[in-house]
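Following this line, the structures themselves.
The two complexes that follow have subunit A in common; it is paired with subunit B in the first and with subunit C in the second.
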Partner chain A sequence: MTTTTRATIGLLARKELHDALRNRWFVLYTVIFAVLSLALSWIGLAGGQLYGLAGFGRTTASLINLIMLIVPLMGLTLGALSLAMEREQGTLLYVLAQPVVPAEVLLGKLLGLATALTTALSIGFGLSGLLLAWRGSTMGLGAYLGLFGLTILLALLSLSLGLLFSSALPRTATALGSALFAWLLLVFLGDLGLLGSALVLRIPVEQLFTLSLLNPLQVFKIAAILLLRSDLQVLGPAGQYAMHTYGMRLLPLSVGVLLLWSLLPLLPAYLFFRRRGAL
Partner chain B sequence: MYVARWHSIAPVLVLLLNLTAQAQPALSLQERLAAAAPGDTLRVVGGLHPGPLRITKPVVLLGVDAPVIDGQGRGTVVTIEAPDVVLRGFVIRNSGRSLDREDAGIAVYADRVTIADNRLENVLFGIYLRRADSCRILHNTIEGDPSLDTPRRGDLIRLWYSNDVLIEGNRMRHGRDVVIWFARGIVLRDNTIQFGRYGLHFMYSDSALIERNRMLDNSVGAYLMYSTRLTFRQNLLAYNRHASAIGVGLKDMDEVTVEENVLVDNQIGIFIDNSPRAIDAQIRYRGNAVAYNDIGVQALQDAPRSTFEDNSFLENYEQIDLVGGGRFSEANGTFWRRNYWSDYRGYDADRDGYGDVPYQTVALFDALTDRTPAFRLFAFSPAVQALELAARAFPVLRPEPKLTDPAPRMRPRLPEGLPAVHQPMRPPLALAGLALLLMGLWTMGRSHLHRLY
Partner chain C sequence: MALLTIEHLTKRFGTITVLQDVSCTVEPGESVALWGPNGAGKTTLLRCVLGVLPFEGTIRIDGLDVRRQGKQARRLVGFVPQEVTFYPTLTVGETAAFFARLRDLDPEEARRRLAQVALDDRLDQPVRTLSGGQRQRLALALALLGDPPLLLLDEPTASLDVRSRAEFITHLQTLLDQGKTLLFSTHRFEEVEHLARRVLLLENGRLEADTTPGELARRLFPETTHYRLRLYLPEAQRPEALQALRAHGFEVWMNGHGVEVRVPADEKAAPLRLLSRAGFEVTDFELHT
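For the complex of A and B:
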């Protein structure tokens, strides 16, 4: 990578970050995530603090749920909006008229948006971390930072998916619509569909576990639980099967799968973007 | 009253009861025992004493400065065959490793023996009582061998046809079970059992009192089987988590009172299998705190003639599980009264401390996993949350409630004297949180304040 390329990407990333931070959606997501994670940590601690008991209860579960609900939505919508909106406004035409190549534009967008998402997440995590530390929680530093890293990975993979929609689809509305549908699919329909099929077809535990891994959100969930508990007992027979078969290798494995999910959509995104350009 | 004899080989001198200033000629512990009269008190000050040792007359063996009896890996280290023996203050280590011969740290074959303040290390079985009534096992520390798999270990304490035994204040780790077989009137109090298979294992042992014990990090905290008239109170059962792990399990038990226990962070808090068994027997669960378990209470079948009163069910992922579905019925005598449920959504308009609408479990996902446990894989998913919401909104989807608590508590009621788990401030976590927060705010502020170029 030449110096000019790097400088170009850096400049584009800064511009993207600048734009994202002024995006009302982004600000709204940031505030919602911060407030909800703070509230959930507070509620979760209220029990532990009062009774000297603490554990991996429904509240911890809702914290993971919150991440699984909001973070993909942030990444997908921001990613879907980025290229498509600029394309509609005509600014993309202006950018591409400069001496830059499509790869630089795409990478710049990715970097800028990833930084923006990290910013939003670190504010939410930072606030809840302070609260957890102040009120005294059972969560260790390693688990806390690990969960933060996993969440960034989740943001990254939904961002690249969003970018794929943004580069492939001509209009903002369609890109955003597809991104929202993808979110629904990942968060709700995928699991419900699998649950329904398993109910009807009586899928055995091993296959159920393998099939569930097709959904990156399930991979995230498994990694998060492993990180917080070093065990998958809470997931019942399927969790026991997974621990028995893979053991703690499951953690690096799932991180690898999440990385793959964040990198793979970039290739078709690049191909689409090169073909379509500013049109 | 002793025979002096030089031990040219033994490197360690044994100091004697009537010790003055100077060292005395060494005499082995076994020889001193042989010389003692019944009722004598033998003081043993420090030193390493090769075992195995047999005590065949009623004497008091008093260890001062932790004298060591080393079994050298052969058989049982100390065997007590006389009644009224007191063994206090010794370190007993290195028993044999044969499960068949049941090699133990201390084996007792006589009544009214007191074993107190000893430390047992690297033993297969810890303290083994066979047909030894009215013994007392007090304030001992027993360490099994953590390198062995749990089934290959011995039991930390094992009672066999030994009635009216008091087991109090012992600390036990890394064993298989503490197991009580065919023994009446056992009292177990203030013991800590950790990192074993079954913390406590009761078989065919009636009229026992089990109180204020702590069973932590075992596969099963306490498994009570085939016994009657048992009181299980104020125990702490926590972090018992392995495949099919349980806090306290009741199998074919009659007339049990389970009260004011704290069950935290176990896979299953209370497990009920065919209890009560007798047609006229009752079981009472009263004032327990059941919190942060995967499943609060799991009943393998219906739990007839059982009352669940004033318990607090806090934040268990599934509060109550009736395996195979179905519901608890008051016609069979299962009563849920005045319990606290952390997922109760009712209100208390008349402010009497009890909710005005009944608590009913309506979790659709619970109903699913009760029937097909494999679906627990989807726990903690937003999809499941949506499913629950749908079940609340559309009664068509709502499963029949497993249980009904007509007037649940509005606030939890926790056992008194609950060992508080104080969580200290966490400076590293605070620093990390602060760093993340500042990083986020800095990036945000910089991009907002500065112009691009």
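For the complex of A and C:
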């Protein structure tokens, strides 16, 4: 990568970050995430005083569920809006008419939005972390930081998927609609569909586990639970099968799958963007 | 060597062919108008030259292949789109600095270009509050960043009022005098008359003719082969000017303020030139059909 290319990507990323921090959707998500994570930590800590470790478990489980619900929504919508909105406004044509190539524009947007998302997550995690530390939580700092890292990966993969919709679809409404449908699919239908299919088709436990890896949210859940509890009993037979088969390799494997999910959508996103250009 | 070479350019959107086998060249310093009805392919041709749309055929800017060397080729091009949209959160100064940095230029260059189009007093004004004419001038300033030899303009005055249009055309004429090469699309014949030396006629995506503004006028207004040119001169000079023009074969007569000359459609400036060389003081003129 040449110095000019790095400078171009950096400039576009800074511009994207500047825009994201003024995007009302982004500000709203950030506030919601911060408030809910603070509230969950507070409630969890209160429960912990009454029920001991059970309270701590509830806090982490609630945090994981909150992350799985909100973070993909943040990444998918921000990604879906980015290229499509600029394309519709006409500013994308203007940028592409400059001495830049589509890959630089795509990477600049990815980098800028990833930084914005990391900032938003840092605010939520930071505030909750301060609260947990202040009230003397038993959650280890390492596990908490690990969960933060996994959440950034989840945000990144949602962002990549959002950018894929944004580069492939010409209109903002279509891109945003598709991103929201994908969110529904990943968050609700993926889980329920897998459960239903397992019951109706009597899928063997090893295939059930393999199928669950197709949903990045399930992979995140596996990695997060492993990080915080070191076992997957809460996931039932599939979790026990996974622990038995992969043991402690399961955590790096899950992180690897999440990384793969973050990078994979970028290739078709780039190809669509190059083919579609400013239109 | 031609500054812009287009060879067998074809552009399809799905099953619709928007440009078909278009070939042409533009020499350095030329001003070429793209003329044709809506849907003829003018905007698409400009976007292909910019390399922002995939296409079949070859386009070269100063020898650089737009498809394979797009980034380098676009350094030689300034672009003014039909509908100018800037980032609404930025000011004039921030917008100019952003696009200057995108071209690897010092932001001071942006300030110079803003001064060139008389926008340097609006650095802190948000771009969303600029008028149509100011936005178009900002687009021209950005197109001039890095002093590119080729300017592509897509109906640049379409959304401007009469005064802003006249100002914008004056800016373009100055740039032409400085040696810039212009390729612009337009629906206004007066722009072709004022700016173009050549006209590329597009019809249904095909290049129908490579012609002159005079020839275009004959096609558009076949009945208008001659105009009445009203020249305003000091009273004392009028009889002599009348004689000088008659001596060169012009049909001339006097009116209340000066003289009127019948001029062929493609020689409208000839009497002006003639009187100017002979030392007459033409203070103003009007053109009538």
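Keep in mind that, in the parts below, the second predicted complex is superposed on the first by the 269 of 279 C-alpha atoms of A that agree within 3 Å, B and C clash if a C-alpha of one lies under 4 Å from a C-alpha of the other, contacts with A are read in each partner's own complex, and residues count from 1 in each chain.
As a working rule, a contact is a pair of C-beta atoms (placed from the backbone, for glycine too) under 8 Å apart; a residue touches a chain by one contact, two chains touch by 3 or more.
Not measured: the values here are computed from a predicted model.
Novice: Per the contact definition in the header, classify A:L199: touching subunit B only (first), subunit C only (second), both, or neither.
Specialist: first
Novice: Just to be sure I read the superposition right, which of the two partners does A:H18 touch: subunit B = first, subunit C = second, or both, or neither?
Specialist: Touch status of A:H18: both partners.
Novice: May I ask you to name which of subunit B and subunit C touches more residues of subunit A?
Specialist: Result: the larger residue contact count on subunit A belongs to B.
Novice: Contacts for A:F209 in the overlay, against subunit B (first) and subunit C (second): which applies, first, second, both or neither?
Specialist: first
Novice: Regarding the shared-chain residue A:A97, is it in contact with subunit B (first), subunit C (second), both, or neither?
Specialist: Touch partner of A:A97: subunit C, not subunit B.
Novice: Of the two partner chains, subunit B (first) and subunit C (second), which one does A:Q89 touch, if any: first, second, both, or neither?
Specialist: second
Novice: Could you look at A:R171 and tell me whether it touches subunit B, subunit C, both or neither (first, second, both, neither)?
Specialist: Neither partner.
Novice: Name the contact category of A:T8: first (subunit B only), second (subunit C only), both, or neither.
Specialist: Only subunit C is touched by A:T8; subunit B is not.
Novice: Touching subunit B in one complex and subunit C in the other: list those residues of subunit A.
Specialist: In subunit A, residues 15, 18, 22 are touched by subunit B and also by subunit C.
Novice: Under the stated contact criterion, what part of subunit A meets subunit C in this complex?
Specialist: 4, 7-8, 11-12, 15, 18-19, 22, 89-91, 93-101, 274-275, 277-279
Novice: Would you pull the subunit C residues touching subunit A in the complex into a rising list?
Specialist: Where subunit C meets subunit A, its residues are 47, 50, 52-54, 70-72, 74-75, 77, 79, 81, 83-87, 89, 98-99, 101-104.
Novice: Looking at the complex, which residues from subunit B come into contact with subunit A?
Specialist: Touching subunit A from subunit B are residues 241-243, 245, 262, 264-265, 267, 289, 291-294, 314-317, 342-343, 368-369, 372-387, 412, 414, 418-430, 432-441, 443-444, 447-448, 452.
Novice: Can you name the residues of subunit A that touch subunit B in the complex?
Specialist: Subunit A residues touching subunit B: 14-15, 17-18, 21-22, 47-49, 51-59, 61, 64-65, 68-69, 115, 118-123, 125-141, 144-145, 148, 187-192, 194-195, 198-199, 204-205, 208-209, 212, 217-218, 221, 225, 231, 233-240.
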